[in-house]
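Same chain, two partners: chain A is paired with chain B first, then with chain C.
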Partner chain A sequence: MAKPIPKIGSRKNGRIGSRKHARKIPKGVIHVQASFNNTIVTVTDVRGRVISWSSAGTCGFKGTRRGTPFAAQTAAGNVIRTVANQGMQRAEVMIKGPGLGRDAVLRAIRRSGILLNFIRDVTPMPHNGCRSPKKRRV
Partner chain B sequence: MTYLLYPPLILPCPCGWRNHILAPPSSTATTMNPVQRRGLSGSVQPGQDFVGRSRSRSVRCMANPRRVKMVAKQIQRELSDMLLTDKVLQFAVLPEASLGADRYLSSLTTISDVEVSSDLQVVKVYVSVFGDERGKEVAMAGLKSKAKYVRSVLGRRMKLRLTPEIRFIEDESFERGSRVIAILDKIKNEKSLENQNGELSDSSAHDDDNWDDVDPDEGIIYVD
Partner chain C sequence: MASLSTFSNFLTFLFPPKSQPPPPPPPLPPLPPPPNLTIRKPLHHVTPLDHFDQDPPYSCSSSPSSLSSVVCPSLAQTNTMWFKSTYNVEVAVEENEPEERLLNRFRREVMKAGVIQECRRRRYHEDTQEKRKRKSREAAKRNRRRRPQSKSLAENKQAIKETKKKDDDDDDNWDLPEDNAYIDHF
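Our next item is the complex of A and B:
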């Protein structure tokens, strides 16, 4: 999971506490995990190191309102505002899961002015692996 | 008063009540046609004639509204899952998915809402497609052509007495909402820019003039 990335040392100065990454990344990847009850939006760089994230729950929605498309939209808006300051212009979107957040986040990204390179669907699909949970009876 | 002579009937009811025992018509939940009792109960007395009362043989049950909501939610889950996993449906929605291409999509289909009628026979599925015009048409046409297939798969997956008829409807509310928010954002940005300029040059009278220039139809921001 963690790729060994050599740190260009600021540690040697003896500074304690994390230094804010001031890297300007023109291109990034936005991961959207859209489940039925929540939506999590994470922005990483091309290699996968997380820059910032937000979710419907952290935006102040609680309970059933987290699953709504409006909450997904606010979460996306939050993330994009943080990241636009770092100068990101193009992005690729990776969508995981069913849920209403898929559409809402895409529209929010398009509205914000960030170029969408690609849209990929990376929902995990087993090649018939683990046994799935039992059917819900309704 | 003749129906009181007949023993209570057990009739199958499509809304999922396994054994619905017919009570005398004081029960509020069902509207049962009295003709139904004729076939299964005891002998018909010779003097009586039931022909005049045979209107429609269909049994209609109104299910519990809570159950209707639960069924709607379950159908939404099943359909979304099918869109993700079922190859036939994906190919119908996105014809280029069959080529592989490592899932680089041109349009994304989402099921935004499911409405079930109160007798659980008709299901309206609202579908929202993200993408250009052609992608939308292709997706909707593909879904509509696979309605029967979807109905059969849903019947296999869910335990319902009668699988409902499925209708796919295009949902435009996402787009409308997105457009409105884009316009509002643009207005807000322009207003804040005006405020900044106004403070710098110390003239605030310009704010009112520019409101006329904002044309609502120009607010659509296309990003490519």
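Our next item is the complex of A and C:
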């Protein structure tokens, strides 16, 4: 990256303000990381440079409510509102991780009126790599 | 087939474009074809189209789709990012597809690929005992679906159960009590 990304914590709603004013990007990629406890939605351009992001946590949900599909929906809605103002029409969706946010975000994107090219699942799969953490005894 | 696609994606990853030029000038001079030209052959036809989008000629976009479909039909639907193109499941969205149908299609593809199952399995470490149990369960499920013999076995079991039940019923005494006993009460 050319310039360092400013720290997120200082901004409300996780909006990263870019120094030069918003570039008009008609086409982008929506990355969704849906874990069991949270959902993070990031919009980048085709090359991968982040335009804006939001997550269930930054939308005001806390604790167990972050992992719910409704929280994922609001996070997605948040991001798309920001990005639609910059004139994005077509998008690709890349979904990562198991979690309830997967379907909810797709629904929200569909309803928002952004045209989709592809929906991809990019969950990282090790070819039997690192050892996972031990079993929980709850 | 999934492995083939990941393999081809891996190949494109292996031959990355040589050098990234700094922001290319808007009228693109004819760039030397990138070394992965051997894999994606007619790519150099696509470069004159790329100055319609403001992307460098590394992502073959489908927005001038009519033209690119004429140039190379197989590339019309592709929108590969040269940097990261490995994925487990890909679903191409058609025009005006209803939301539910799209979701169902995506979910079905994901289930076929077994992504969520794999994730859950790899979440915590499973020891050899757990692994053996899981494998036997999976094998049982797979064989149960394929072998019709197991179905007839189940039928036999049911038949045996029914006959047993009949024996019990036959042993009971279904006769009504004699009239003498009846009258005495009144």
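Note that the second predicted complex is superposed on the first by the 116 of 138 C-alpha atoms of A that agree within 3 Å, B and C clash if a C-alpha of one lies under 4 Å from a C-alpha of the other, contacts with A are read in each partner's own complex, and residues count from 1 in each chain.
As a working rule, contacts are C-beta pairs under 8 Å (C-beta built on N, C-alpha and C of every residue); 3 or more make two chains touch, one makes a residue touch a chain.
Bear in mind that the values here come from a model prediction, so they are computed numbers and not experimental data.
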Checklist entry - A:100 contacts which: chain B (first), chain C (second), both, neither? => result first
Checklist entry - After lining up the shared chain so the two structures overlap, which partner does A:83 touch, if you call chain B first and chain C second: first, second, both or neither? => result neither
Next on the checklist: Contacts for A:32 in the overlay, against chain B (first) and chain C (second): which applies, first, second, both or neither?
Outcome noted: neither
Next on the checklist: One more residue to check, A:136. First (chain B), second (chain C), both or neither?
Outcome noted: both
Checklist entry - If you stack the two complexes on chain A, which partner ends up touching A:56: first (chain B), second (chain C), both, or neither? => result neither
Next on the checklist: Quick check on the superposed pair: does A:72 touch chain B, chain C, both, or neither? Answer first, second, both or neither.
Outcome noted: neither
Checklist entry - Is A:46 in contact with chain B, with chain C, with both, or with neither (first, second, both, neither)? => result second
Checklist entry - Thinking of the overlay built on chain A, is A:113 touched by chain B (first), by chain C (second), by both, or by neither? => result first
Checklist outcome for this item: chain A positions within both the chain B interface and the chain C interface are 98, 103, 106-107, 110-111, 115-116, 118-123, 125, 135-136
Item to check | Parts of chain A lying in touch with chain C, wherever the complex brings them together | outcome: 26-27, 29, 46-48, 90, 92, 94, 97-98, 103, 106-107, 110-111, 115-123, 125-126, 131-136
Checklist entry - Across the complex, what residues on chain B touch chain A? => result 67, 70-71, 74, 77, 80-81, 83-85, 102-106, 108, 110, 112, 128, 130, 157-159, 174-175, 178, 181-182, 185, 221, 223-224
Checklist entry - Touching chain B in the complex: which residues of chain A? => result 36, 69, 73, 95, 98-100, 102-104, 106-108, 110-111, 113-116, 118-123, 125, 135-138
Checklist entry - Contact residues on chain C for chain A in the complex? => result 53, 55-56, 58-59, 61-63, 79, 81, 83-84, 86-93, 99, 102-103, 106-107, 109-110, 113, 115-116, 118-120, 122-126
